[in-house]
Every structure is written in C-alpha cells, then in structure tokens.
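Look for subunit A in each of the two complexes below; its partner is subunit B in the first and subunit C in the second.
Our next item is the complex of A and B:
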C-alpha cells in the first residue's frame, strides 16, 4: 500500500541524500550519501510492490556499484588535494538551465497525465513471473546483457592494467 | 496530503533527475560526475516502476526494463571507473580541470 506518510518520508530521504551527494565537498561523504540514496530508492521499489527489483537494487546498486565507487574514490584520493573550486557562476548557470527544465517537466506531466490514484495491486512475489518473462519473452536481451557484462569486464581489466603487464 | 497519484512519482523522478543533472554539470571530480549519473539512472527507474504499477496489467513487463537499466549501469560503472583509474595513473588527478588536454 502506498500511504502518503511512506511516500513523503522516502521522498525526504531520497531527495535529501541526493542533494548531499551533489553538494558535499568531501567526495567520500558524497559516496556515503549515494549509498543512502540507493537504499531510499529500494524503499520506493518495495512501496511499489516490486520486490525482486528492490532486492536487485540493494544487491547491485548499494552492494556492488556503490562499493566500487567508494573503492575508486579511495584509490584516486590525494592527500591534501585541492578541494573543488567551483565558480559561483557555474552553479548559477546550471540552476538557470535546470530550473526551467524541472518546471517544464512538472507542468507537462500534470497536463498530460490524469490524476490516476495508484490502485493497490494484489501482487505476490514477482521473482517467478519475472524469470518467466526474462527467459521466454525477453530471452534475446537477456543473452545480450550477459555479453555486455562480459565485454565490460574484459574492457575494465585491459584498461585498468598496470603498464607492461 | 491527499492520495499519492502517479503525478507525485513523476515529479519525484524529475526532481531526482534534475539533481543528478546539476551534479553532472557542476562537479569537478570525475567520480562525482559518475555518482550524479547514477542518480539520473535511479530517477528513470523510479519513473518506469511507478508507471508500470499504475498501468495495472503491464506491471510485470514494466519491471524488465529497469532490470536491464540496472545491469547496464553496472557495466558502465565498471568500465568508467577503470578509465578513471587509468587517468589517475597518467595524470595523478581525477579533477576534470586537470585532464582537459583537448580543450580550446
């Protein structure tokens, strides 16, 4: 069930930690805020009855991608590194570009889509049915994604090698 | 607040997307740009799943694409961070201002 309380608590968590991600000067703190954002988004998936995707989000995003990002931060961190000197003009120009985009999206969405209430779904566990879809209807993208992951692994190993190895 | 409609989820997704976009445009650390791109991916995923929930009959089909988005994001982070490490080895910095050799 999606009650307003759940939605707004998760909204505060997700949007608040996303703002912290883009504003923290210390990049390690930004990485930790990113983990909180991922977990908040997983909470949204649970509120929307997508339990398999919620678990996938926690496992892959918060469990692998965020850890990978934190490792990369640790490996590329220089002690005494000059902090990011972001000019105020850059921030203001970004806001000038993004604020109309956000306003446009908000207005267009409210005009285009009817205010359909989110009917509570009588759904059970998703895993078996998603597995059916993946292996029967969407078998080709499933195989292609395995090739993509293989290519990404090989590429990362080659790119990340030390010289002369 | 009243009922939570689909519009709420769309606006939430748009806000998260714009926060990620602000991070991509503003941050100077290459890995911070990666983190902002991941925020944008998550915003799109929320949009997909909220739409599939509201569509009723397309609930299961609408979860397949976010699944693939998560998988492709994992592949992209792998290669992107390997690239960042290679850049760090070459330039001793991941600050975008230090690796702008093609500029102007």
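Our next item is the complex of A and C:
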C-alpha cells in the first residue's frame, strides 16, 4: 500500500505546514503554507494510487481555493505590513483542553477503521469508474450538488453586487 | 546503447536526474531559439532586420541566420547583473517566486509527448488534467511575485495577471474537454494515437481549437493579452523589481509556458507526433512534433504584432461572457453528435460540431450588422438634428 518512508515524509510535510499556517504572523506566508498542505495531501492521494483524485485536489484546492484566499489577502492588506495574527495567551490551558479531544478522535478512528492488511483494490484507470458511479449509481446526489453550487454562485453574485443594479 | 539505457533505468533515482537534465537542456536551448525567433519574426513583420550582429560569423550576413547567439549574450548579461532585493520586500517570498514559476513551468514538461515513446511520464492517465493543475501553480507564483516586491504597481500587476490566468483557465479546460468527450480519454499519448492519418481533432473540434488558442495566448500573458506586464501601463507589472537572473527566470518561464501551450495544442488538435500520411513515416516522430509545435508558436508570435493590446476589463468580459459560453455550447454539441452517432451510425454526425461556425458566418453575411461606432454617430446626428 503505502510504505513507511513515504508516509512519514508526507506526514511531516502536511502536519508541519498545517502548524505553520496557524502560527505564521504574516498572513500571506500562512496562505502559502496552506498551499504546501494541499500539496502534501495530494501526495498522499498519489501514494495511494488515486491519480485522478490527486490531480483534482491540486486543481481545485491549490488552484482555486488557495488562489482565492491569496487574492482576498492581497486585496485587503497593505504591502509589507506585518500583521500580528490574533491569538490568546492561554497556551497551556488550550493544550490541556485539546489533549482529550485528540485522544477521543484517535480512539474513534481506530475503532471505525481497524488495522487490517488490506490489499490494494484496483490499480487500473479509475476515471471511467468514477464517471460511471457519478452518472449512474449516484446520479441524484450529483444533480443536487450541481444545484447547490448554482445556488452558491447566484448567492455570491447577489452578495457582491453593487447597490442599485 | 540500449543496454546502457536499461541499466540506468534500473536505478530510478539516477534515471530521474538524467531525464530531468535532458528536459532542462532541451528547455534552455529551445527557449533561446524561441527568443531569437520572436525577435526575427517581429523584425520581419515590422520590416526591419532584427538581431544581426551577435552570432556565428559566416552566417551573420544572411537575414534568417543572423544573430543566432544574441539570446546567449543576453543570458550572460543577465547573469552578471547586480542582484537587487528591495529593502522592505518580503525576502523569502521575493526570492522563491521565480523559483516556483520556473518549477511549475518545468513540471508541465513531464507529460508533453516529444515523440513516439518519448514522454517523461508514459501513459499518464490524467495527462491533460495535470497540465491544468500545474497551471494553478503559475498563478500562485505570480501572486507571490506581486506581493513580494513591496510595490503597488507590482501588486496590481500581479493581481491582474492572476485574475486573467484563472479567467482563461476555464475556457481552456472546457475546450480541451470537448476533445476529451470525443476521444474518451485524458491520456495525451492515447489522444495522439487516435489521430491517425488526416483525422486530426482540429477538423472535428474547430471551435475548441480556436478557443484553446485564444485562451493559451491569454494564459501565458502574451500580447495582445499582456496588460499585466505592459511597459506603458504598469512599468513591468509583477516582475518590475526583479533584476538579473531572477528576471531571466520569469522571462524563461514565459517562453517555456508558450512552448508548452503550443505543444499541447499541437498534440491534442494537430496530431502530435503522428505523420499526416503513412508514406511520410520515415521522418522521425520528434521532428513532426517540433514542426507542428513551432507552427503554433509562429501563430502566437504573429498574434503579438498584429493585434493591439486588450484592456483588462475587455479581457475579462471576453473570457467570461464570450469564450466560456461558446465552449460550453461546443461540449453540448459534441455530446449530441456522439449520441446521435450511437443511435444512427454514420460518420457524418461529426460535422455537427462545425455548425456554430457555419451558422455564425451565415448570420453575419445575411444580417447587416452595423458596427457600434456607426450606430452611435447616427444617434448623435439625429439628436443634433432634433435640437
């Protein structure tokens, strides 16, 4: 499946850049670290041989969502300004609160997905199968999702519209 | 020879480096030739000589072989320039922007089919989508360059350029999607193999080809869509503050990107490395690929000196309001043609994709459409007569 070396390198990249996203003081740097996180997750998809999913992850997350976040940052911050991100000073308390939450999540994940020796399923081209599932088995959710996207787009246009038009 | 190659291929790490070096060398030489070609073609269109002094001594006296080493001289000059980083600039973002731009552009070269077995990632099942995904990194690096320069004009140029790139990614993707609908695969090698003989996809998807060409010119920030880096508008846009080798990286990346767009256009629409007729198959396939790619590159360079620069709002309007709907209509028509071909088998259904072009020509010939300036003048005359 996925060897330990690949797993740990990607884990360091993903978790490290995610930590950098929340700790960078300069918000543009935080946005760039977010892009690295998305790259790491795409690396996981590739290591699990989901090629279409990896490319789509890069295309949509790094290519559209990250660019949107960076646009928002660029248009609302002055160049060269070091904005201090808002954080509270109760660091020890926050870690005490988060620790049981992490333990809970770990236990739940281990119960739901027990460690078995899984064989890799099909390593052939999955694009055709994804297409079949989307349009035949899950056709109704597919259509509903496109309706939701349409509603979101129209909502965004209405919210961002200038007055009096 | 082949035994040495097979031995090297058994060590993936070494083979990776060798392939990457070969691609990089090809890229460098190719970009130098393209820059020379651009200057020569610009000179020809503008009725002047172009670079004629710096080159191979005997060949310098002839027009089309003069000044061959000019780009190399320019490269050496750029290498020796002083490396200036603006004082209040964001140092790490400033330094890494050209690196990311070049890395993203070079990643594109992994799926370009240079010849019959000569793709770096052979039979990559999502090849076309990979090109679109890597284009996203070019966008991010432009934003990084604009931000890192600590310069209002760079920031503005960067934002405009990124907006232009993402606006034209959509028609480009939809145009390629038309070809994908017809071919049934995202694998570039497979798409080329389906274009045997005269069956190039440009004949089956003419609108997609036009949309792809226009979007490719806009994607790579080339004139007539080069407002973000135009000299009279924004100094030099997002690469104002870059000097020396960093600027050379941006310049290189722009030409490398142009080559990639031309290469993908040639592979998907013009048949890639397939010779047009089996009799001509003795010419090796990389030569065919290069001929077709350079034809499209010539087209891009021709565009540069033919059309005036497009204003940024006209550009965005054109991308969203004109190209995207036309691309969507093209996909619908292609899907309809394929469905009708399934129901009533006949190879003539493919001509349905020519319908919009034919009808557009028809309509513009039948209907007397007055240009807007004439309409405005008539309205003004009527208003003045009424007063």
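Some observations on this one:
Rule of thumb we're sticking to: the second predicted complex is superposed on the first by the 131 of 165 C-alpha atoms of A that agree within 3 Å, B and C clash if a C-alpha of one lies under 4 Å from a C-alpha of the other, contacts with A are read in each partner's own complex, and residues count from 1 in each chain.
Simple rule for what comes next: contacts are C-beta pairs under 8 Å (C-beta built on N, C-alpha and C of every residue); 3 or more make two chains touch, one makes a residue touch a chain.
This is a predicted model, so every value here is computed, not measured.
Once the complexes are laid over each other on subunit A, subunit B and subunit C both fit without any clash.
In the superposition on chain A, A:67 makes contact with subunit C only, while subunit B stays out of contact range. By the touch criterion defined above, A:127 reaches subunit C but does not reach subunit B.
Contacts of A:56 after superposition: both subunit B and subunit C are touched.
Judged by the touch definition given at the top, the superposed model places A:26 against subunit C, while subunit B stays out of reach.
Within the superposed three-chain model, A:94 lies in touch with subunit B and out of touch with subunit C [touch as defined at top].
Set against each other, subunit B and subunit C differ in how many residues of subunit A they touch, and the higher count belongs to B.
Contacts of A:45 after superposition: subunit B is touched, whereas subunit C is not reached. Look at A:111: by the touch rule set out above, it reaches neither subunit B nor subunit C. Of the two partner chains placed by superposition, A:140 touches none, neither subunit B nor subunit C. Note on the superposed arrangement: subunit B and subunit C approach each other to a least C-alpha distance of 14 Å.
With the contact threshold set out at the top, residues 52, 56, 64, 71, 75 of subunit A are in contact with subunit B in one structure and with subunit C in the other.
Residues 26, 28-29, 32, 35, 51-52, 55-56, 58-59, 62-64, 66-67, 70-71, 74-75, 79-80, 125, 127 of subunit A touch subunit C in their complex. Those residues of subunit C that touch subunit A in the complex are listed here as 88-90, 92-93, 124-126, 129-130, 132-137, 139-140, 143-144, 146-147, 150-152, 155, 158-159, 162-163, 166, 169, 186.
Residue ranges of subunit B in contact with subunit A, taken from their complex: 1-12, 14-16, 18-23, 25-29, 31-32, 34-36, 38-39, 42, 45-46, 49-50, 52-54, 56, 59-61, 63-64, 66-68, 70-79, 81-86, 88-89, 92-95. Contact residues of subunit A toward subunit B in the complex are 2-4, 7-8, 11, 14-15, 18-19, 21-22, 27, 30-31, 34, 37-38, 41, 44-45, 48-50, 52-53, 56-57, 60-61, 64-65, 68-69, 71-73, 75-76, 78, 81-82, 84-86, 90-91, 94-95, 97-98, 101-102, 105-106, 109-110, 113, 115-119, 121, 123, 126, 129-130, 133-134, 138, 141, 145, 148-149, 151-153, 155-157, 159-160, 162.
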